[in-house]
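The following pair of complexes shares a single chain, subunit A, combined with subunit B in the former and subunit C in the latter.
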Partner chain A sequence: MDQFLQHIVNASVLGGTYALLGIGLTLIFGIMNVVNFTHGAIYTFGAYAMYLAAVALGLNFFVALPVAVVAGLIMGAIIEFALLRPLRRSDIDTTMLVMIGTGIILQSGTLWIFGGVAKAVPTPFPTEPLVIGPVSLSYVRLFVFFAALALIVLTYFTINGTKLGRAMRATFQDHDTAALMGVNVSLIYTATFAIGSALAAAAGALLGPVYVVFPQMGDLAAVKAFAIVILGGLGSISGATIGGFILAFAEEIGAGYISSGYRDAMGFLIIIAVLLVKPTGLFARAERIG
Partner chain B sequence: MTKLLAPLFLVAAALLPLVLKDPYLLNALIITGIFTICAMSLNLLLGFTGQLSLGHVAFFGIGAYVSALTALGFDVGLPFGLRVTYEGGDPIVGFLLAIVITGLTGFLIGRLSFRVRGAYFVIVTISFAEVVRLVALNWVELTQGPLALTSIPNMTLPLPGLGELTLRSKVENYYLVLVVAALSYLVVGGLVASRFGRAMRGLKENESLALSLGINATRTLTIAATISAAMAGAAGSLYAHYIRIIDPDVFLFSYTVTMVIMVVAGGKGTLAGPLVGGLIFGLLPVALRPVMAPEAQWIVYGAILIAILFVMPKGIVPALETLTRRKAPKAAPGKPLEAGARP
Partner chain C sequence: MQMTRRTTLAAMAFALMCSTAFAADDTIKIGVNEPLTGAFAASGTYVTNGAKIAADEINAKGGVLGKKIELVIEDNKSNPTEAAAVAEKLITSDKVPVMMGAWGSSLTLATMPKLEEYSVPMLVETSSSGKITTQGNPYVFRIAPPSAVEAEAFGPIAAKLGIKKVDFLVINNDWGRGAAADFSKLLKSKGVEVGLMETMDQSSQDMSAQLAKLKASDADTIMITAAVDQLTLLFKQMAALGLKKRIITTGGSQNPDQIVAQAGATANGTMHLVTFAPWWPEKSPNPQAAEYFINEWKKRGYDFAGTTESFRGYDGIRTIAAAIQAGGATDPASIVKGFWKVDLKGLNGPIKFEKAGPAGKESGQSKPEVYLIEISEGKISPVKL
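So, the complex of A and B:
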């Protein structure tokens, strides 16, 4: 039972960052109809931005974090402006392949510049874990959880409570009508991709210090983000939030009680199971089912 | 004229080892040939039915493992105290088994994943490939996991009345790959020209219209996936017996990306496309290797993929065809036909 409690706590902490990853991806798909294969690379980019800011520039940990998030925001805006804007009228497969190419360039570029050796990012938190009864939890993970939660709340507020958010939701429903109502749809697309990328970079910057930073770290993160988004339904933000926690629980329970080698397989098995039972995801509007 | 191009190309490829003796280049050509077979099989799905499968490497890898394990033998414990022990056998049996098993896997995965389309389909296929990779990594008793399967024997061909021939040298393997590639080309060409091929293209152009004409979408797509998977499995088997060592890295996503780049750059939905794309991207590393690091090569790959999608979204072969057609005065104006549409 004690072990089970520990698993629950671990899963909740992990779920926060998973939700962050999933929301970024689902936002971009929902509004732009782009399957963002750069998501994992941007996650890695965020982690390296954190490393550069905290280690190379020697910034304070709490200053380096927003710097990394803003770097992700800018990177996302550049990618959208340079590559997706000219392809606005292309089909989804073309943009998907362009995103794959961009992801390859980003990842190989990281490997080329920083080498394959994993980097550690030091944290200002005490190394002894916080022990409450049978459960122990490191301070840095606790911080990561609350930071992720704060970013999720901020994203919800941006989308549901601001003028930009209203324009994004209008574009989500019908971009032609939104354009007729005076929404600058191109700007909304850039903003969406930038915000989605910033969330991925934030996840990378938060998890980088917990684990280590290396060029291929984004591969698994990307696939997990896809699992989360499929679980919640492509385009659903609350679905992605819940999906993030479900995946974290499935992984934690699966690794604890079945086999730790198949921990990372949980996401894929969830994808396959969800698509067998309810192909549109658990919380989504129907897209197109053959 | 264009009809003669394929046999001419085959003759040229068959004569090549007579002049080309460099083992490094020969090796590059063999690997290129194997991946070109993969690209041709992927083209059947991606090009002719329009379904972007990003899990194609799974079939390549399963083919490699099936073939290697058939040749090497295995001893595995299963649940309920069962044990399967197998001594190992002829590589040619492994080759045939690889085709059958990957074909069956392709059928099952097709049945499962063609319930969905578009982005969902892409993600299911990626997930499938990743699950298979994790199984290969973790089922150590069968696959040796990251320790790799080593000392895989070379392919052996039984010659009736003459005993058997073990393909040890590069030249022998080159011809084996060439023959399999030519057969794959013929299979794809035959399929595309058949009634079945028209059904595939119908689904790609307009699924609702094709359905209204009585084309069974799931059935057509599943058959295409089965054949495509079996061809990739054959390529995987060739790879295993040529390289003679395989580990779970044969399931890496970057291999799928290579195949996709070959098809998209060459021209999806054309017979010659994967061949042209396969040759260019198979031999590009040879050209780039002296001048840049592998990471930089991948940057070039990514950049070329993006550039091709921007400049010639249909690929090199259709772009060339449009060019030559513009020059020929007899050609009818209007929308260029799909290259595969001609007999």
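So, the complex of A and C:
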């Protein structure tokens, strides 16, 4: 029982960051209809931005974090403006290939600049864990969990409660009509890609200090993000949030009670099962985003 | 028309002759097949830098058989498929007569069929899976200790530490599984109880599920086989779970100084089986070479933490050079013969190949020293028994 409680706590903490990754991806797909293959690279970018800000510039941990998120936002805006905007009218294959290429360039660039050896980001949190009964949890993970939750809520509020969010939802439903109603669709696309990228960068910046930072860290993260989005249904924010937690629980319980060697396979078994039963994902593509 | 065609053909043949002639005369190429990116990037980079020191030292002393040696370094991306492709590229395109590689056991095992296919020998500097030298591949010469030898050296230590029950947490590949099998066999023979056998993927970053399970077990010791990057994560995550048991790591790819730097206080109390102790070069079986190597490493501005691994690359290239010298020629067959004649003082003991594996197709295995060290208060010291 003690062990089970620990597994539940571990999975909850992990689920928060998985959800963050999934939301960024699902947002971009839902509104822009772009399969974003740079998502993993932006996640890595966020982690290195955090490393640069916290270690090279020596900024305070809590200052470095928003710096990394803003860096991700800017990076996303640049990619949208420079690459996706000129390709707006091209078919999905062209966009996909350009995105894959951009992902490779970003990853190789990171490798070229920083080398392949992993970097550690120091945190101001104590190494001694927080112990509640049979369950222990490090303070840094607790912080990551609440930071992830805060970002999820913020995203949800932005989509559902602001003028920008209303324009985004309108574009999602019908971008021609939205354009006719005076919505600057190009600006909405840039904003969407920037916000989606900022969320991926935030996930990287939050998890970099928990784990280590290395150029290929985005590979597995991207695969998981895609899995979460498929699980939750393409284009659904609440689906991606719940999908993130389902994946985390599947991995944790699978590793704890079935086989630890196949931890990363557990999630995919669930996805296969979901796709067999409900091919549109657990939460079918919503009429409106949010 | 007939004439032109003939001339072209002749010119082509001449060009071909020239290119092979140049390749043969210029330098002696040695292929280096290491993980420079991916999960084992830190380790592979250290080994490669160690190899460069050896090559420069050998060339400064006039090279081998009157020729300079040239390292052809390729990245196997910590991926067995890539490791085999790298071996093929080095042999067929760069025409290397001998290679060093491929760090990990799974990487090395993946390249071994290529050695047989092209009859080119490879010096194995790091891999410790028993399978490497028992498969009957006569082109494999290993200077790293197989995990059975490591386990044997650990036997008397286990008794003195008073270990009663052991759980294993190993990387889910030939290296980790091999080590767990060899160590549990030995520990069982010493009357130590063996409990859980947990595994983790080489690219896994979050091992809290496995650690929660290990925390709940009644074993007093956890034996871990993983490379340095995963070890630092493990120690941090253990601290987060409040897991406090005796930790002993195997495999010699721990780089204790890097652990101290990256895992900080969470590494205190952990013990590590290493095959080279760069903190006390004077106690090395070859103190003079050990000191030269460590000084050269520092002079080049590399991280001192890497020396527990990079010495393998240094010894590996020196062994290959000795084999070329002893074989008397630069073709693969002569180098294979040369390997059997090598008698070199390595940084961790004499390098001399003994026959291992099925008769008639033996691989070469050299048996180095193994040391147990402990990290306490951020300092590294030999374990006092």
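Criterion: the second predicted complex is superposed on the first by the 285 of 290 C-alpha atoms of A that agree within 3 Å, B and C clash if a C-alpha of one lies under 4 Å from a C-alpha of the other, contacts with A are read in each partner's own complex, and residues count from 1 in each chain.
Please note the rule applied: contacts are C-beta pairs under 8 Å (C-beta built on N, C-alpha and C of every residue); 3 or more make two chains touch, one makes a residue touch a chain.
Small disclaimer: the values here were computed from a predicted structure and weren't measured.
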Notebook entry, point to check: Overlaying on subunit A: subunit B and subunit C, fit or clash?
Noted result: clash
Note to self: On the A-aligned overlay, A:141 touches which partner chain: subunit B = first, subunit C = second, or both, or neither?
What the structure shows: second
Check: Which of the two partners, first being subunit B and second being subunit C, lies in contact with A:2: first, second, both, or neither?
Finding: second
Margin query: Looking at A:264, would you say it contacts subunit B, subunit C, both, or neither? Reply first, second, both or neither.
Written below: both
Margin query: A:223 in the overlay: touching subunit B, subunit C, both, or neither? Say first, second, both or neither.
Written below: first
Next item on the list: Look at A:187 in the shared chain and tell me whether it touches subunit B only, subunit C only, both, or neither; answer first, second, both or neither.
Entry: neither
Next item on the list: For A:111, decide between first (touching subunit B), second (touching subunit C), both and neither.
Entry: both
Note to self: One more residue to check, A:154. First (subunit B), second (subunit C), both or neither?
What the structure shows: neither
Notebook entry, point to check: After lining up the shared chain so the two structures overlap, which partner does A:272 touch, if you call subunit B first and subunit C second: first, second, both or neither?
Noted result: first
Check: Given the superposition on chain A, at which of 7-15, 241-249, 313-321 or 331-339 does subunit B overlap subunit C?
Finding: 241-249
Next item on the list: Once the two structures are superposed, pull the subunit A residues common to the subunit B and subunit C interfaces.
Entry: 111, 219, 259, 261, 264
Notebook entry, point to check: Can you list the residues on subunit C that touch subunit A in the complex?
Noted result: 36-39, 41-42, 44-45, 172, 198-201, 203-206, 208-210, 212-213, 215-216, 229, 232-233, 236-237, 239-242, 261-262, 264-266
Check: Which subunit A residues qualify as touching subunit B in the complex?
Finding: 29, 35, 83, 86-87, 90, 92-94, 96-98, 100-105, 107-109, 111-112, 219, 223, 226-227, 230, 234, 259, 261-262, 264-265, 267-269, 271-272, 275-276, 279, 287-290
Check: Taking the complex as given, what residues does subunit A use to touch subunit C?
Finding: 2-3, 6-7, 10, 14, 111, 115-118, 120, 127-129, 131, 136-138, 140-141, 207, 211-212, 214-217, 219-220, 251-256, 259-261, 263-264
Item checked: Contacting residues of subunit B [partner subunit A, same complex] -> 52, 112-120, 122-124, 126-128, 130-131, 134-135, 137-138, 207, 217-218, 253-254, 257, 260, 264, 293, 295-296, 298-299, 301-303, 305-306, 309-310, 313
